[in-house]
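Heads up, the next two complexes both have subunit A, just with different partners, subunit B and then subunit C.
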Partner chain A sequence: MAKLSASYGRQTLGDRVFDIGNVIFMTLVLIATLYPFLNVLAVSFNDSADTVRGGITIWPREFTLENYKVIFSYGTLVTAFQISVLRTIVGTILSLTACSMVAYTLSRRDFQGRKFISVFLVLTLYVSGGLIPGFLLMKNLGLMNSFWVYVLPGMVNAFYIFMIRSFMDNLPYALQESAKLDGANDFTIFWRVILPLCKPVLATIALFVAVGQWNAWFDTYLYNGSNSSLTTLQFELMKILQSTTSGADQARGSNIVEQMRSVSPDSVKMAITIVTIVPILLVYPFLQRYFVQGMTLGAVKS
Partner chain B sequence: METITQPSKPASAKKIKSRRFWKTAVQQRYLYLMSLPFVIWVFVFSYIPIWGWTMAFQKYRPNKTFFEQEWVGFQYFQELLSDDRFYMVLRNTLAMSFLGLLVGFTVPILFAVLINELKGRFFKRSLQTISYLPHFVSWVVVAGIVYKMLSTESGGVNDLLMWLGLIDEPIQFMAKGSWFWGIVTVSDLWKEMGWNSIIFLAAITGIDPEQFEAAKVDGAGRWRQIWHITLPGIRSVIIVLLILSIGNLISIGFEKQMLLSNPIVIDYAEVLDLYALNYGIGLNRFSFGTAVGIFNSFVSIILLFTANGIFKRYSKESVM
Partner chain C sequence: MKKRFSKLAGSIVIASLLASVIGCSNSGTSNTSPGSTGSNSGGNNAEAVSNEPMTITGFFSDPNTNWNNMQDDTGKFITEKTGITLKPEFAVGDPEQKINLIAASGEYPDVISPKGASGALIDAGALLDLTDLIEEHAPNIKAMLGDQIDRLRHSNDDPSIYFVPSLEAIDQFYFDAGGPFNLQHAVVKELGYPQMRTLQDYENAIKAYKEKYPTIDGQPTIGLSLLADDWRIMISTTNPAFWATGAPDDGEFYIDPETHEAILHYKRPEEREYFRWLNHMNDIGLLDKESFVQKYDQYKAKIASGRVLATIDQQWEIDEPEAALKAAGKHERAYGHYPITLDETYKAANFQQTGFNGGWGLAITTAAKDPVRIIKFLDYLASEEGQILVNWGIEGKHYEYVDGKRVFLPEIENIRVNDNNRFKKEFGIGNYLLSLRYGDGVKDSTGNYFTTNNPEQVLENYSDIEKEVLAGYDATYWKDLFPKEDEFEVKAWGAAWNIPVPNDSIITVTQQKSNDIVRKRIPEAILAKPADFDKVYDTMLAELDKAGAKKMEEEYTKLVKARIELWSGQVTE
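Up next is the complex of A and B:
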């Protein structure tokens, strides 16, 4: 402690200028990051006729819930919200189950298929067929106009498998051995012994998958764009944004905005944007440390 | 005699080996049950599309089987190379990639270094938490925010510039092709800067604190500490990530370009993937679209090997 204060005492003028400059710079970064979100939030709660007059910054001038009432009274958006929630839940459960099972078999040093399966999976990290072959495959498999196209193609992910595996590799092997002596089969060992110990890494991956599922829009655009009972919230937001930006192509346009004449498109857009962000904001603070942990872990391993 | 006994010996050894293999396989049946279905899964969703590359060399017709297709050799690649639009698209792809690499790689390093220099723990923590946030927001939302901020009607950026007196009337950011590359680069930076700094920050915390103490005793100021200790300390992390980013240069994705573009700026916004999408799926020219995809992968691999080779030669770091 004495040493620390001694080194602070010797702080030069240059150092102090550096510190002050740094804090100012970082404050600007904070403002640049937060202002857009706060601005969107303020507009979404502001009376839409008043918004048109301009000048809304981070606080609504005439507070109203009308914008939200309008978007939630529109059936397509409610369905889209439900589909988004559903794909996030189903996608995360399927992906976690599949990836952790494969990861366990790869963590077993005595497993015969270990080498072959590892190589087989690694290759998928480096080569991919690309957009059009993938599209034709989904078409041939009959996954067009179906909910399953959201969750099935990405279910088994090599990157996640290797992350879980490297976590399992660090667990003591003695645990498995004693379970084996008790007569447990490999699946029971995985389910009862290994999986409960993997909570940190599973939480990380669950979050990666869930955020990816929630934020996805391109698969909807490609496979289910014309099927209004299967579109997702991100896709509907994208349609609305595109339809009102300067001369966006009309094929992608939507008529939602037309049907919501009572409020201005800007207010509707901002309200939907908030509805899309809020679920992420809700889970974010609790799970931040997992994200960071997982990110650093993945980077070190690869 | 010998000629008969000789081959029979390895054969019986083989038999024993194969019997032992099947015996273990039965013992490990649960492990097989837990992995093989998913191996088939990967085969279907990741390997079959690679087989689809053959389409680029065929005149692909959707209602015919593989053997009934007409082989055309490199015709689609020739068509690609003689299309003027292709060169424009390639220019856009490379321009946005290089800008992205230049800005999107260096700024997070700087950001990590500066975060590390912050004294207040609370401020540091909050700054990190908030700066990672935009990473988790979808590109759809970010595009919406960018449109809002750059709007001519009470958009944040125009308002600020007007207030500062730098401009007299709002700039139409989204309607000028010359702005587009910059807008994409800055939006990407806004979204990913904090997130991309995580790895560098983790590497910096791994540096031995005694080095900083020693430098302080020798009278080194903050800039000199950064230059002589922090940056050299994370050098290998920087180089490995740089090589990997160069390998990904051309596959920059198309989400941001697709969401931020509009017909006015399309000549600056169209990238290779969008070009493949528009021709391949938009116009049902599947073979041509696949050829674009193959070209894309090919250039990626060349870039990766070149970058790796250069770094291997001039420093000891490499990823392969």
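Up next is the complex of A and C:
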């Protein structure tokens, strides 16, 4: 803070009051957003019988790895993790490529069917086919029991396309003209001129898509549920969560106390949350620099 | 093309025509889904029972992460014995969506366990009527059901049998009681085991102990804590009203045993007196002030602290905090269960028998190539040999007889207690409860229980103080304190709460409205000044009637009567 105020020269009283208020406010926001996460982390590492007593805040009271042991004792997680990573990477790349290409085409004023295709795409934002028609379509396309059902159907997304397009619309058309004069064809212009300038919006959308892909489990359930070599991490974790819950139900029904043993569904849920969040959390730092870059880029240009 | 094919086929035999049309329309749409992967080796020849390998596909509404593709010991044995390999898919999340998809797409697996979502499948004509299959090919299932087979029928209009029930066990006998009036062992021990029969006894005990020990471990003592978090309000606050007044559990309704008229159970005058007692408990400060605002985890934390003397709740809701208490060595803070009623004229009906409720189970779909093999497979699992196999595994490998008593081998028992996942995954025990099954307390021809639960186990799980308290009441089990099963008549309508209510019925909507009213007014009545109690309670009853309770009760009465008629076997064609 001192450094900050130095760079702005002398501070008035009002500035100082604002700074103090700002720091306090931001700290509160930080606590409010960080606390739930730390609490989940603490509970996931806490002994589940002890958790029932309540009062766990940000530090486990009786440290244990038992909750994680339960999750990782299911052998299917390794393949499932690989499939999840694969679908996140492949899905993001395919989706970015497809969306940005469509967006570029739509942003070109000399494209004839621009209006019609735009309207057509907008329709998909408001009207969807529904679950059963979607299922039948995938079935008839032969996408059941295949990896491609994860990445192909969601490849082109109208919302992302419009986001990229409006970003491209803000780029000066002169750039494309001069590139053309220098002898670049449409593809070169797209690839060498437009795309590099679109990094900020691409990073944003990459994040959207990646998080979406990483979190998706319902499509696995619908299309690949019976194929254990194609299930995703979220799907497997969901299964574990449900069978710990129903395991507890069974134990209730039949009075077998030892089945409840040392883990409760709540603790397993917390551990699963951590297993789910941490890998995708690691993606943020890599994408963040593009956001910052995007801001400076915009500033210089205007 | 389909038509021409049918014509051609029609000239051969009518039976094979049907089969080939189904076969054609399936392969015509080029599907590669699990529905069609079953092998076709069996054909339609019913009598050629063989152990030829056959794969049947299935969809199950309950997840099972311990399914090991039948590569576990029990699974291998079953495959060897019957030739059948089951390839199941388990639901994750909401099974209903997937089942609607299955019904809509016509991609049926061979067998399906849809639980509550069977309506769409039945409407789509996806399920086979099992009546004749059971009659001709399933002697064990038939014998197990005896004259209760009518309880499997779908409805008066459609008396088909669609399911072999697998969720409810036959002749289930509960070894012990689990609520709902619970009191800490420390309380009754301190007071020298006073009589625990009426709400007054219960209140006196709580009061006396609380006055003597205003704090426990430094925190203020709480007399009685209730839970009202969402649906849990029924378990802890509203259902005990009928338990305390000698009525059995029929959900939100009370069914008159003579006339079979259904009324909302809150309308019974004696239940008003139960809630008045709760109001009184609040008035004299014995009721936890946070009862109607606390969340489930706060409730659990409170109980786990050991300072709640009494809870009115089912055992399964307080299992977790009790385990925490025991882990902390505070066994005297765990709870005993007492047959408390409003006064001595009522008899706690916790163990009134419902008879077999039939209900949810496994259905065979029209996609199954060889339903006869499948029903025989299910029949094998329901046989004495099959039942012992699915509950205990293989003799010599998993269990043995010691002095005529069936027990797990010591190393197997060790795994069972300490690593239940491995136990299921490696040995497959408990993975194959697919068919009709016996409940706890049913004995086989060797005099052993079919299931692995037995009364001695319950006893072993009692703590020392628990045994001491029970001895103080001249009992061995908590259940001994309660009126026995045979003191009540078996309910002709089973348990009313599991009567399926049609989706378009007025009951569904009115029920929701009445739940909203009850969940708001009951806490209000309990927390009101004693003088205002009747006013609030009357308001609630008036509001219920205004929301259409009368009409709903009439409709429900019809459902109850229809079920009694169906189960009495008068509607079989």
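The working rule: the second predicted complex is superposed on the first by the 180 of 302 C-alpha atoms of A that agree within 3 Å, B and C clash if a C-alpha of one lies under 4 Å from a C-alpha of the other, contacts with A are read in each partner's own complex, and residues count from 1 in each chain.
Simple rule for what comes next: a residue touches a chain if its C-beta (ideal position, glycine included) is under 8 Å from a C-beta of that chain, and two chains touch if they have at least 3 such contacts.
Keep in mind that what you see is a predicted model, and the values were worked out from it rather than measured.
Asks: What is the contact status of A:119 with respect to subunit B (first) and subunit C (second): first, second, both, or neither?
Replies: In the superposed model, A:119 contacts neither subunit B nor subunit C.
Asks: A:187 contacts which: subunit B (first), subunit C (second), both, neither?
Replies: First partner only, subunit B.
Asks: Does subunit A have more residues touched by subunit B or by subunit C?
Replies: Partner touching more subunit A residues in the overlay: B.
Asks: In the superposed arrangement, does A:131 touch subunit B (first), subunit C (second), both or neither?
Replies: Once the two structures are laid over each other on A, A:131 reaches both partners.
Asks: Which of the two partners, first being subunit B and second being subunit C, lies in contact with A:238: first, second, both, or neither?
Replies: Both partners.
Asks: Considering only the touch criterion stated at the top, classify A:108 as touching first (subunit B), second (subunit C), both, or neither.
Replies: A:108 contacts subunit B only, not subunit C.
Asks: Check whether A:273 is in contact with subunit B, with subunit C, with both or with neither, and answer first, second, both or neither.
Replies: Only subunit B; A:273 stays clear of subunit C.
Asks: For A:222 in the superposed arrangement: first (subunit B), second (subunit C), both or neither?
Replies: A:222 contacts both subunit B and subunit C.
Asks: Quick one: classify A:142 as touching subunit B (first), subunit C (second), both or neither.
Replies: A:142: touches subunit C, not subunit B.
Asks: Figure out whether A:49 sits in contact with subunit B (first) or subunit C (second), or with both, or with neither.
Replies: A:49 contacts subunit C only, not subunit B.
Asks: Would you please give the residues of subunit A that touch subunit B in one complex and also touch subunit C in the other complex?
Replies: 54-55, 131-132, 135-136, 217-218, 222, 235, 238, 242, 246-247, 249, 266.
Asks: What part of subunit C is in contact with subunit A in the complex they form?
Replies: My answer: residues 29-34, 57, 62-66, 87-93, 97-98, 100-101, 104-105, 107, 175-176, 178, 297-298, 300-302, 304-305, 315-316, 319-321, 323-324, 327, 417, 420-422, 440, 451, 453, 457-458, 461.
Asks: Inside the complex, what are the residues of subunit B that reach subunit A?
Replies: Going through subunit B, the ones touching subunit A are 21, 24-25, 28, 30-36, 38-39, 41-42, 44-53, 55, 62, 111, 114-115, 117-119, 123, 126-127, 129-134, 136-141, 143-145, 147-149, 153-154, 156, 174-175, 190, 194-195, 198-199, 202, 213, 216, 221-223, 255, 259, 262-264, 273, 276-277, 280-281, 286, 289-290, 293-294, 296-297.
Asks: In the complex, go through subunit A and note every residue touching subunit C.
Replies: The touching residues are 49-50, 52-55, 70, 73-74, 131-132, 135-136, 139-140, 142, 144-145, 217-218, 221-222, 225-226, 235, 238-240, 242-243, 246-247, 249, 251-261, 264, 266.
Asks: Would you mind writing out the residues of subunit A in touch with subunit B in their complex?
Replies: Spelled out, the residues of subunit A in touch with subunit B are 7, 10, 12, 14-15, 18-19, 22-23, 25-26, 29-30, 32-37, 39-40, 43, 54-56, 98, 101-102, 104-106, 108, 110-113, 117, 120-121, 124, 127-137, 141, 152-156, 158, 185-187, 190, 211, 214-218, 222, 234-235, 237-238, 241-242, 245-249, 266, 269-270, 273, 276-277, 280, 284-285, 288, 291-292, 295-296, 299.
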